[in-house]
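Below you'll find a set of structures to go through.
Two complexes come next, and they have one chain in common, chain A, joined by chain B in the first and chain C in the second.
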Partner chain A sequence: MSDSILILHCAEGAKKALARMTEEGHRLPPQFKTFELPCTGSVNEVLLMENLQNGANGVVVLGCRKENCKHLDGNLKAERKVARVKRLLSEAGAEGKFVEMVFTAPDEGKRLHDILLGFAQQQQTEGKSK
Partner chain B sequence: MSDSIVAVLCDQQCSSRGPLQAANLTKRLAKSSTVGKLIILDKACQDPEKKLKNVAGQKILFGGCPYLEESGFYSLAAEKLGLGPGEMLVTDVKSSILDLYDSPEAIEEKLVGRLESLGRLLADSTAVKDQPVKLKRNVLIFGSGYSGLKAALELSGEKLSVDVVETEDPPLAPGCLTEGLGSPGLIEELTERVRAGEHVAVFPHRQMGPIRNVEKGFTVSFGGGEPREYGTVIFAPERREAPAEEIGAWNLSQLYKRIQEHQPIKGRIVFVLDRRSEMPPEVIQDILTAARVIKERSHAEVWILLKQIRVALPGLQELYDLTREMGVIFVKYQNLRLHNEFGDFDIAGEDPQTGASFRISNPDRVIIPGAGGLSASALKAAETLGLRLLGGQYTQPYSLWRLANESNHPGVLVCGSARGNMDGDGVAADAASMVQALKARMNREGITPVEHIASVDADKCAYCLTCVRVCPYHAMGKNVEERVAQPITTACQGCGICAAECPAEAITLRNLSQDSVLAAMQAL
Partner chain C sequence: MIVAEQKPISEILDMLPEHKRVLIVGCDTCVTVCLAGGEKEVKVLAAALRMAKKEFAEIKGTSIERQCDGEFIEEIREQVAQSDIVLSMACGAGVQMMSDFFPDKPVLPALNTLFMGSNEGAGYWMERCLGCGDCVLDLTAGICPRTRCSKGLMNGPCGGSENGKCEVDPENLDCGWNLIYQRLKSLNRLDTLMAIQPPQDWSKSHDGGPRRLIREDVRL
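This part shows the complex of A and B:
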């Protein structure tokens, strides 16, 4: 788990987007780990912080497009929590990019790949947690 | 350990996508306490029937490559071994698809971790097992318009008891329901059948009490009486046009009302179509019929200004030709301007084909179709049912058109013109497809709750009711006597939003508690 980037994705659109990305042949570097949740709305601050504490370099919460959440607004709830964790981290003086909310549609394999790689890139340039 | 899991793994010699190195894995898994017996299948996707003969056990964990699922191995295994949904877990390299590109050692390490964490989850899931809940075979329908009555009559033939709620008081009185001009008499016919039938009861809306989610569906009381239980609710409200903004302009409802009441419509009548959005052919048909009726009854001068006409309905072309012959003037326009100065009203625009400009001075009446939406009483009912509304138009943000009849609230189905403009056949097809959805919900075997259902720890619950507020399905009830939140299992969809929002951490998802999630993440 250490030095990894954890992708928390929902079981609906985001899962399909990841599968599409692999199908299209876009590979992610091995430091990316994925974990499936029923909905990104089930992410909370504790879960995000625990993962960072346990040694994950970054956490990407991957949800459906904003208006397409199966559970109405689970992805928007997750967005708010991610924003809150970001604020807490910056208030605590932790510089860098640790958590990010990404909205994706099931057919956006290439775009998702670019975003995730961009996240990893920023991680490397802006320093790591711990 | 009697509850031990039998792991069946494919050694994937056939595939270059992530070889598992079965021999090494056997050694490591032998130390794992949750896995009792390990069977390695060589090329499991080939000739699976023969391979499955060697496999027997109470709970089985299968592991393999994506081809196993494609070849139907898992479903075949479940069938051959008589395994229910909770008794078989599948972990394969694609459940974390990125594993495919890891080194063999990394895959092996992950698989051991995942087996252990899944073993814990499986142990959790065996503790709680649900019996299917049989719903009450009663149906409540909101709205006694064409779609509502059509659905009621279709369902009364299915040995379901059907009640209808109507805002018009008294309900089913002649003339209390308006209909389009395209196919008159449809509602009259249905109303007659309901009056004659025995299985459909119609209640006025003012007698209705609040509607509540309960374990076996919904309860509603009428006129303060005993609550009646329903297994499902059909929402078939009236679609009403917003009044046209321009002063003096009518919208289509106002026009139809005047035509139906045989009020005189004289002078120069101008229809301005496609001003806000493109007109569906059903509406065009109604408008052409209205224009024909006006021409028949009076010597009015009728102009129809439009951007384009689509003759996608049977009979529309003939109607169009007929109205042209009767002297209705059709004009294609662009850059339309409406002037209203010092009591003089002008409509000016250009013809996109010839480029010539035109001007209609002082028309006696302008008719501009307004944006369609739900009526005020329908909005109220949608609020009661917990349906989300966007812009007062659809009962689910953007998606009601795509998700046939299912609303965002389990057990609430949506039908008819609330889903958009439809003609008579469209509504009938809509009602039929909804009856299918309803039958699936109310089958005699009952419905089984979803896997990750929410459960509340009564000792931790502070009764702050955050969960009641955030649940998108209104699936969290209140136990007022014990002051504790209580999930309604048949409505819960297992999204986990309540568990994430609960400040007291009193809510856990069955088979997916926060601890097990963290443990499983650690095992990655």
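This part shows the complex of A and C:
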């Protein structure tokens, strides 16, 4: 999984947004891997940290728009877990590793594509500067 | 339970010398319940240290039932032998017990031990007992004045009690003595408050070195 960016997405709005992105012809580079969860509320620190430790350079948690979570507040719970892992990575000085939370609606294929490509480009830029 | 919180990873990294084999040991009792040092927290800390700027020869993790109990510590003697440093995710009692069992290994604390308390809801713990050695909960309707009153008054409330809140944190902190009054009232036991309580006998608390409890009836 080296150099990969793992997208942990929910089975609702985020899954539909990824499908819309593909339908609209926006492709992601091969370093992106996706993994579906029932809801991003099931994301926890162990899942995020162990994926990063096992080779993923970055993990993007992709959930429904705020206040649109099918499970009410799973995306907001995930946001707090992501914030904690960000702090852990920063304290540890884990270079080149990142975790991000992205909220999306099913019809935001283009916007989602831009955001995800942005993470890949940022990673590439940081890699070159080292 | 004993409530603790994890030290910042930067502080843990400062304690650990590089190029050593580190064994992180969790404790499956109190600090698991307060989400500070259980099996899950061991995995997260181990992952953070493996990705940290500092380099270690090896980071391993394990967890035992209780680090304050020798019979469980014995279970990991072999794993400890194969490490250079033990990073304990137990309370201070567990860290010290591990140090006693493995005198040739540095045993370092990954947590700050805070207090004896209760779980008040998701992510919220509160101190309930000071361990003063002289319990008066029979007189105060099961609410500890030494812990719940910010001043530890034995005859309260003080002038800082307003609308049932303590002046120390009027937004979030109940006045312990108001709680005592209200509960005694509901129990129809307000007469209990008419007696003046003598000052706390602190000789039964942390006084004269570590406190010990020896029960001859159960000693071998």
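We take it that the second predicted complex is superposed on the first by the 123 of 130 C-alpha atoms of A that agree within 3 Å, B and C clash if a C-alpha of one lies under 4 Å from a C-alpha of the other, contacts with A are read in each partner's own complex, and residues count from 1 in each chain.
The working rule: contacts are C-beta pairs under 8 Å (C-beta built on N, C-alpha and C of every residue); 3 or more make two chains touch, one makes a residue touch a chain.
Being a predicted model, the structure only gives us computed values, none of them experimental.
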{"item": "Combined model on chain A where chain B meets chain C, clash or fit", "value": "fit"}
{"item": "Contacts of A:18 with chain B and chain C, given as first, second, both or neither", "value": "first"}
{"item": "Chain B versus chain C as contact partner of A:67, first or second or both or neither", "value": "first"}
{"item": "Touching partner for A:122 - first (chain B), second (chain C), both, neither", "value": "neither"}
{"item": "First, second, both or neither for A:89, with chain B first and chain C second", "value": "second"}
{"item": "Which partner reaches more residues of chain A (counting touched residues only), chain B or chain C", "value": "B"}
{"item": "Partner chain in contact with A:42 - chain B first, chain C second, else both or neither", "value": "first"}
{"item": "Partner chain(s) touched by A:50 [first = chain B, second = chain C, both, neither]", "value": "both"}
{"item": "Partner chain in contact with A:97 - chain B first, chain C second, else both or neither", "value": "second"}
{"item": "Chain B versus chain C - smallest C-alpha distance in the overlay, whole Å", "value": "5"}
{"item": "Chain B/chain C common contact set on chain A", "value": "44, 46, 50"}
{"item": "In the complex, chain B residues that touch chain A", "value": "95-98, 100-103, 106, 388, 397-399, 408, 452, 470, 472-473, 493-497, 499-501, 509, 512, 514, 517-518, 520-522, 524"}
{"item": "Chain B partner contacts - residues on chain A that touch it in the complex", "value": "1, 4, 6, 18-19, 22, 27-28, 30, 32-39, 41-44, 46-47, 50-51, 54, 67-68, 70-74, 77, 81"}
{"item": "In the complex, chain C residues that touch chain A", "value": "8-10, 13, 40, 43-44, 47-54"}
{"item": "Touch list for chain A against partner chain C, complex", "value": "44-46, 49-50, 52-53, 88-89, 91-95, 97"}
